[in-house]
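In what follows, structures are represented as structure tokens.
In what follows, chain A forms one complex with chain B and a second complex with chain C.
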Partner chain A sequence: MEATPAPAIEVRNLTKTYREANALDSVSLSLEANRIYGLLGRNGAGKTTLMSILSGQGFPTGGQVLIHGKDPYENDGTLARICFIRESQRYPDDFNARQAFRAAALFFANWDQELAERLIEDFALPTKRRIKKLSRGQLSAVGVIIGMAARAEITVFDEPYLGLDAVARQIFYDRLVEDYSLHPRTIVLSSHLIDEIANLLEHVVVIDKGRIILDEDADSLRGSAFAVTGNQEKVAAFIEGRRVLHRDSLGSLASVTIQARLGATERAMAAELGLEISPVPLQQLVVRTTMAAQTEPRGDHYQEALK
Partner chain B sequence: MGAIDDSRPIFIQIAELVESEIVAGTMAEETQVPSTNEFAAYYRINPATAAKGVNLLVERGILYKKRGIGMFVATGARDQLLGKRRSAFAAQYIQPLAREARKLGIDAETLASMVRQSLAADAAEGSVR
Partner chain C sequence: MNRVVKVARMQLINKWSFLGIPMVILVASTLMTFAIWALLPASAREGTLYSGSGQAVMWYFLALGIQSLTFTFPFSQAMSVSRRTFYLGTLGLFATIAMGYAILYYLLGLVEKATGGWGFNGQLFALGWIAGNNAAIQILFYFVAMVLLFMIGFWAATVYMRWKATGLLIAGIGFAVVLLGLVALATLNDAWPQVGAWFAAMQVLGLSIVLGGLCVLLAGGSYLTLRRATT
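Moving on to the complex of A and B:
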């Protein structure tokens, strides 16, 4: 292993206020280079605000942003190494896709035209039609192609899939894994389709009401929560003292999602009690954690307990 | 090869999938295993996660690295894995089976004869293949 390089992006105590509302509330994050991050959260949680600051395009009200260890607002070179594709990415009115790609090729030093051509074909994108006239899916494809072919050291995609059908999304994910394997870079993906991207992520950040409620390696999250199902009283006895993320019940049957790492002894004990233990998929874990955070005064509880 | 499920650490699943191929004999000893990027593309997972799974098997002596070429299945890997699986067999399969049998009121004798029948049927099927 090489010595740990400076994080690709580091933010400390970031605050962003719009009029009265806190869009970001004291956010601190460190994103390591050459990893794929998932930024998840509900609508209005602060994802887009955070992403535009992470990519040096938005100014925080307070706090500090360092990109490759430097202040992005004072270093001209930094921004050309970052590609941020917004969900509502704008292009000049009279541009067609071909022109947009040509402009991107000038801006991004690592631009790969071959990859762009291949993606144009994959998405069957009409390159001579004005971007204004494209469908929502085709517009997303333009963004995806720029984001991928730019091969920027830091690539940020804000819900890049809007309007893309399932096949086109799969093409995006496949090409992303493939190209990232050959050209590792720091990628931040925000998405509501958690189950679709879960396996691509190395690290998951969940934001809620402007605060980070989860910042954890994806694989250590998997297996950090379980659903315990069975007789209500036995379930209650088994889960005592553990943090409950969710409860369901049906008659005398209860199913409770708890945050816990269960060892062999505990599993044997559950089996002895006739309880069923089932793992919780990442998507559900994120949903449960977000819901639990909204009913609890502070969200960092989960973070603490994971350590 | 099977599919990845999203509720368990993926690197462990990758290690298990490779182990299963070795046990089944599809990945023979001293042959090269797919690269991290091939695993990533095939299972649509993060390459770093695939690498973590492969490295786990290197640590356990199941795979070894040939510099500049790639990962290979170690000699003795299959025996090692068979031993491990046999010792986990009771906890993984027999205990749940016994528990379910008790729940359904199937006694030991009936259960034993069911297992014998199943084994015989499986052997017959295997010889047809």
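Moving on to the complex of A and C:
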């Protein structure tokens, strides 16, 4: 008997090689059930490749994906628990949104038609027009509605906001949180609009050039780096021996982003030196980490520093 | 409900592709043939009038084979349907429809004979060569012909989905090379008379079995291709 249930998603040494490049390079991850994960990274970092393999739509070159302990590939029982709508999802040419939703209702056991109707209204989606003729934003809305109303145990959104205006995006975030609190499930959200979704995320995974460079609880991550601003020399003294993610200077003023957990003593010391300590927004943190990782061959260093 | 059946239901959400269009083609092509026969001058109406318009629906099934894969397979992936289930549901649905049309063709052939060739002494469904056989063989022949055309379209579409234009090009060239090889074989061995005799002796049942074998090959090939296809 197993002491703990298998994680919702487990990825072991996953590798995917295309002709010219490594899309995924020995990726290992373990995602728990009923949390919201952010899969962040630049374009071409491997986000979509990873998501399509873990939903059984793509194949790895090496390694393994387990969904609740089972390989999803060609496994209908496991697939039925997953919903993954691609950013570039194609629909039957002659379908309108209403027909796509009718199909989704057939396949997803937890499909909630009421929620779908409400979202159709929220997004002002024309349901009788052919999907082929919809705008980019409306097309994204079709995917978002399927992903949310399907209420699949594992729901994967691939940059779901493309073409949605700011109001529609906010509606999506609000509805997602609302529905998630009523019906907890495992949600993986890929994005590069990091600040917009920062408050939603409970766990952050950053991928760059096919490698995981950050895999961290969002709360713990928020306290893992700080910007120290003040007199250049005093800043230099304060940050001595710490890992620097980024450096800005203007005249005698310096602002340095360091990676460290600061205790009360250190904060008091900074105050004495006349230095200002400010938290780093998640987006900054991800950008700095990604850029720092590019100058270091592996991201392990950062992972180590976090512990 | 079984997911294979759900795939069939998904293919039928838009009823035109599988149900509406074939019926419209059948009715329209038949009525047009009648109209043409009616317009013929009396001098041209002597003897039996033949028409091949019964084939029209069959050629649509070739297009339907392509369409049922290219339109619906990527969407079925988003519906979390395995490739195997998509394949079984789609082929199962088409086989059912093809069986329906095969029986309908046979029945229309009976009507044709009973009405003296629709009153025109015409042959449209009960083509002499086929209609001389018993019901089972006639239905089998129509069924196999329809499934074969559908499978050619479906298989070509899976090859395109997996290997794009390069794949289709190679498959096309490969097919031509095999054909050419057979022709060369017959020519070099001076075997054309035998080949001719073999074709002449072929009965509807024999032809159905040969075409049925081709269907099975294409169906197997489609499945193996689709298993590793990504959208």
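Here is the rule we use: the second predicted complex is superposed on the first by the 302 of 307 C-alpha atoms of A that agree within 3 Å, B and C clash if a C-alpha of one lies under 4 Å from a C-alpha of the other, contacts with A are read in each partner's own complex, and residues count from 1 in each chain.
Just so it is clear, contacts are C-beta pairs under 8 Å (C-beta built on N, C-alpha and C of every residue); 3 or more make two chains touch, one makes a residue touch a chain.
Predicted, not measured: the structure shown is a model, and the values here were computed from it.
Clash or fit: what happens to chain B and chain C when chain A is overlaid?
fit
For the overlaid structures, how many degrees, to the nearest 10, lie between chain B and chain C at the C-alpha centre of chain A?
Nearest-10 rounding gives 150 degrees.
Tell me which partner A:L31 touches in the superposition: chain B (first), chain C (second), both or neither.
neither
Considering only the touch criterion stated at the top, classify A:Q283 as touching first (chain B), second (chain C), both, or neither.
first
If we overlay the two complexes on their shared chain A, which of chain B and chain C does A:L262 touch? Say first, second, both or neither.
Once the two structures are laid over each other on A, A:L262 reaches no partner at all.
Considering only the touch criterion stated at the top, classify A:L182 as touching first (chain B), second (chain C), both, or neither.
In the superposition, A:L182 touches chain B alone.
Does chain B (first) or chain C (second) touch A:I212, or do both, or does neither?
neither
Can you give the closest approach of chain B to chain C, taken over C-alpha atoms and in whole Å, for the superposition?
It is 26 Å, taken between the nearest C-alpha atoms.
For chain A, which residues lie in the overlap of the chain B contacts and the chain C contacts?
None.
For the complex, give me every residue of chain A touching chain C.
52, 55-59, 74-76, 79-86, 89-95, 99-100, 102-104, 106-108, 146, 152
Sort out for me which residues of chain C touch chain A in the complex.
Within the complex, chain C contacts chain A at residues 3, 6, 9-10, 13-14, 16-17, 71-72, 74-75, 77-85, 227-228, 230-231.
Which residues of chain B touch chain A in their complex?
Chain B residues touching chain A: 4-12, 36-37, 40-41, 43-49, 52, 91, 95-96, 99, 103.
In their complex, what parts of chain A are in touch with chain B?
Within the complex, chain A touches chain B at residues 35-36, 173-174, 177-178, 180-182, 184, 195, 198-202, 218-220, 222-223, 264, 271, 274, 278-283.
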